[in-house]
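What follows is one structure encoded as structure tokens, with my remarks underneath.
Should a chain be cited, it is by its letter among A, B, C and D, assigned in written order, with residues numbered from 1 in that chain.
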Amino acid sequence: MPMNDQDIKRFSGVIPPVIIPLKGDRSLDREAFEKSINRMIDGGVTGLFFLGSSGEVVFLTDEQRLEVLETAIEIVKGRVPVLVGVIDMETMRVIEQAKRISDLPIDALVATAPFYALGGPHENERHFRQIREHTDLPLFAYDLPVSVHTKLDPEMLLRLGKDGVIQGVKDSSGDDVQFRWLVLENEDAGHPLQLLTGHEVVVDGALLGGADGSVPGLANIDPHAYVEQWNAAQAGDWKKVSKIQDHLARLMMMTRKVTATVGFGAGVGAFKTALWQMGVFNTNQMREPVQALQGEDVRSIVHVLRAEGMVPTDSMINFDWDC
Amino acid sequence: MPMNDQDIKRFSGVIPPVIIPLKGDRSLDREAFEKSINRMIDGGVTGLFFLGSSGEVVFLTDEQRLEVLETAIEIVKGRVPVLVGVIDMETMRVIEQAKRISDLPIDALVATAPFYALGGPHENERHFRQIREHTDLPLFAYDLPVSVHTKLDPEMLLRLGKDGVIQGVKDSSGDDVQFRWLVLENEDAGHPLQLLTGHEVVVDGALLGGADGSVPGLANIDPHAYVEQWNAAQAGDWKKVSKIQDHLARLMMMTRKVTATVGFGAGVGAFKTALWQMGVFNTNQMREPVQALQGEDVRSIVHVLRAEGMVPTDSMINFDWDC
Amino acid sequence: MPMNDQDIKRFSGVIPPVIIPLKGDRSLDREAFEKSINRMIDGGVTGLFFLGSSGEVVFLTDEQRLEVLETAIEIVKGRVPVLVGVIDMETMRVIEQAKRISDLPIDALVATAPFYALGGPHENERHFRQIREHTDLPLFAYDLPVSVHTKLDPEMLLRLGKDGVIQGVKDSSGDDVQFRWLVLENEDAGHPLQLLTGHEVVVDGALLGGADGSVPGLANIDPHAYVEQWNAAQAGDWKKVSKIQDHLARLMMMTRKVTATVGFGAGVGAFKTALWQMGVFNTNQMREPVQALQGEDVRSIVHVLRAEGMVPTDSMINFDWDC
Amino acid sequence: MPMNDQDIKRFSGVIPPVIIPLKGDRSLDREAFEKSINRMIDGGVTGLFFLGSSGEVVFLTDEQRLEVLETAIEIVKGRVPVLVGVIDMETMRVIEQAKRISDLPIDALVATAPFYALGGPHENERHFRQIREHTDLPLFAYDLPVSVHTKLDPEMLLRLGKDGVIQGVKDSSGDDVQFRWLVLENEDAGHPLQLLTGHEVVVDGALLGGADGSVPGLANIDPHAYVEQWNAAQAGDWKKVSKIQDHLARLMMMTRKVTATVGFGAGVGAFKTALWQMGVFNTNQMREPVQALQGEDVRSIVHVLRAEGMVPTDSMINFDWDC
């Protein structure tokens, strides 16, 4: 059993999936990376998740993944637990990703269901069991049907939890009914799993329903608010939890104003643009083949930031990078 | 503008979509219908929604729809507002359904997006505007992509609300992010819409987030719990709201144990089976071409009912109808 | 068994789903309807399918359906077999649609799987068996997942064929693999089913693979070409079959140039616009809530018609109706 | 422009995506690999496609990919052109896959749209243009929405063809309408693209419609039949083309009898089982996390093989590997 009780408690609260700042030439911007990580840790986040979907994991070559991760570990310096995505298409490639980083001081691995080749429930379950055979770290199952086109079955997740194969779930499925059932049955089974929601616009409902924490991409923009929300939830002040969520939900509207593209380029593209306009990032550059947002899209994101007090209401809008 | 402020307040709280009891020969069981409706009204529900998806609307001939509705109105006797589904494939057929019941004392109409023929946003918007031209009753848009394969756009809903075309939304989309955004923007616009969630397993989160009420099929089984939850929410006792939701979420597990079929036959089939085993209905009969649940499916539903205190733990299981 | 060998042979060849001409006020344009029907019969089509998806069936009230069908029968005057769609949401409503027209001289009924309420394979099979109990006419199963969101299982179709429940299939699923398997297994079983393809852009491949005929919406525009293609296939002149298909495929491109809307309004909207520009229809009017195509969309459709010789290359473009 | 006229002609005919034989320990079975490759080349195939979806590409670590490819090249010894899949999630990873094999004597690369991270048309187009910047080999776009959940737009493909970015398309989309349009517009543009269909059950229709060849997984089982079909098509003997297709369609039924799993494990699992029962492979072993088919699934596959004359009708069924 790779995780003890103390371990488990570490994986709760607010664990942002870290967005990666780039220079204009699409290389890692170490200075901005440090600024952003420190800002989140200073804001009180309880962990950081690197090489997740928002962390550009599938856009990076293996060498680039290593560069991001080693830089991240250097910056974090053990201040909070580090979770790392080992995202790849099928089992042996995921295991290879895990082996590649096995010498690094990381705290947990995060793996999705297999994707590209269609499979069924047997393959999904064997996939996680095989990964467990090849690593001693706590393992989180990442439920992300929008990317892998498979919804992880709650009964399978619970079985994997009871058997010590996985230690938690990052649920970005958007299926709040299945999540609620998983929370209830996880309790009945003695809480073998840490259940974290990635459904960042309705974290209040998830916490009220018993989630152990959240993994919100939006926490890169406003880590303080998510931390304050978590503390309010611990204190039972649900009115405050919900009020903070309203602010965060409004902030999230920045992603739906984007007109230039859809999906990752609109979502993470808006987050990068916000961090750039807030002075945390030096650019809103994206990885190939995605292009940085421009013009009206930048303007509409700034309007959201102003309305939610994230930049001064009379702030200048940057349309070009200074780097 | 077909709805005044007082009207609006009427459409809040708990408004179950009413499940229809049948005799063995698939005809309406008036006695059980009365028992079930009275049980919900006595339980404190604030309205009843007839001829919705759970109310078998698409299984009924037009004549059968009228029979159900006239019987319902007789039984309700004005004790609570009556909302009525005018579900049909395209605009002129929906308007025809509305005209057919225009002489009856009903309080609001409920219409989905057009379906079967594929369309786009222009058609969806024109559809609701055309319906408004032909009726004076408050109109609810029913957002049910699982049945009509179109998600109603929140911006369109808000525009229709501001223009007095619709007075509310029954959101059964399962898309809690869009619902949250709609709640926020509805507030900004002065609350033109009553926003009711049909997402019955996570009503607690919806209420915390500002929903005006719920339309839970499961309230046919335990109306008292949903009403108590609503009252707790009004009182700001969110711990209680959530605890009641846990009970309701566990009760809802009855639908996922069903093995004989999927979809309507499993969901409403389980609800009918529960009401039968609880003595409210005399059978768990379904409309053609759906078959009533039997054997092991009945047994597993009773186990859920027992665990949640809906039948005595030593209750007998009925496997055949007495009618 | 409701169909004898001679009957079966009648349902082969080219059976267009008939597009309905409207006046500017959206009422049936009897004159244009007659012109279009005669044009198809004179072109050699072997049957006509009324009240199908392209025939606006779901847009019409029941009274309007009857008006269209009675007018059609009067015009056709028995010159070719008349197939009629009894499209509605669930079994009893479909049966009601069939009863409503049971006194009319029609040759076959066409029914889809149930829709709106989700079901499984048991419900689909029982649906067709129940319809058979209530009618003596030949019955075609209409496989149209794009509208009803269920793909009909070939093994079920074959079983229904062997049992005399259905006499044929109109396959508009776009799933050519399943269709090929159905053709082969239908042969093995002694050809209980007439298998018609609605996949109008690749009818050549379907005929080469053994289809008994086609039901192409595009045959409203160029009935002569589809008939010539059918005759060439009967004569084994596959080069000609394919060359005609190339022309028809190019003609079909008119539907993908449409920018104003999607789905029915673009597809049938383009067909109506073509028939209007060719002088067969007097308008390109659509049923509510769909709007007629205008401006650039009309222009791009005329360009396709000119390129394929359906209108003179120097033809005037109509942008307004003369009615 | 990386491909001349002579090159183009090389990529036509029958180019099977090669299935990989494994030993019981899941390592590459070189002996069986040689037997299977030689059997296909002797059968007259005009090229071989390695590291495609059927070739387990997403299951292999990068090292294993190299092992498979180097072994393949050794065996093929230049007898036919070698196409190689460079399947990975996003642009830079695909380019990395291409660089890794840039010293090997291969004839063309095959790349899908990006996957996992959602994108739009701009990203898809830029993806292929970026890959072109980093390689001089002929490049095929692999249209496989079932795996990557994006359908490649025919207009984009044609534009990429005209610009010399891609030299061909392997169309496994199952969308025969779009394919037909692409064939026609490719002709109009002077045939910049070699258009190969992967729709193995209806290759006859695709060839009749103008496809330049096929990439059928089933050709691993019966290469001779596909080659004979191609030759008959070249000779204009469409009756024969279709008759051979009937045999191949019946052979393909082996994949739909599988009960143990779905997707890759059923499809490629059935092909491996067939090759094992036919004595070409020594096992039907699969890569993790997929399990080899067993018992009844093996039996039903053998029944299909017997019926289609691929094994003697009195052949023994192997249920265990001899290795």
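One rule holds in what follows: a contact is a pair of C-beta atoms (placed from the backbone, for glycine too) under 8 Å apart; a residue touches a chain by one contact, two chains touch by 3 or more.
Note that this is a predicted model, so its numbers are computed, not measured.
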Legend entry - Relative to chain D, chain with the most remote C-alpha centre: B
Legend entry - Averaged-CA centre spacing for the pair chain D and chain A, given as whole angstrom: 36
Legend entry - For chain A paired with chain C, centre-to-centre distance based on mean C-alpha positions, whole Å: 49
Legend entry - In chain C, residues with contacts to at least two other chains: none
Legend entry - Pairwise touch network: line, ring, star, complete, or other: ring
Inset, instruction - All pairs of touching chains, please: list them by chain label. - result: A-B, A-D, B-C, C-D
Inset, instruction - Show which residues of chain B lie in contact with chain A when the two form their complex. - result: 174-177, 180-181, 184, 199, 201-202, 204-206, 208-210, 236, 238-239, 241-242, 245-246, 249-250, 252-253, 256
Inset, instruction - Would you mind writing out the residues of chain D in touch with chain A in their complex? - result: 53, 58-62, 64, 87, 89-93, 96, 114-120, 122-124, 126-127, 130, 146-149, 260-265, 287-291
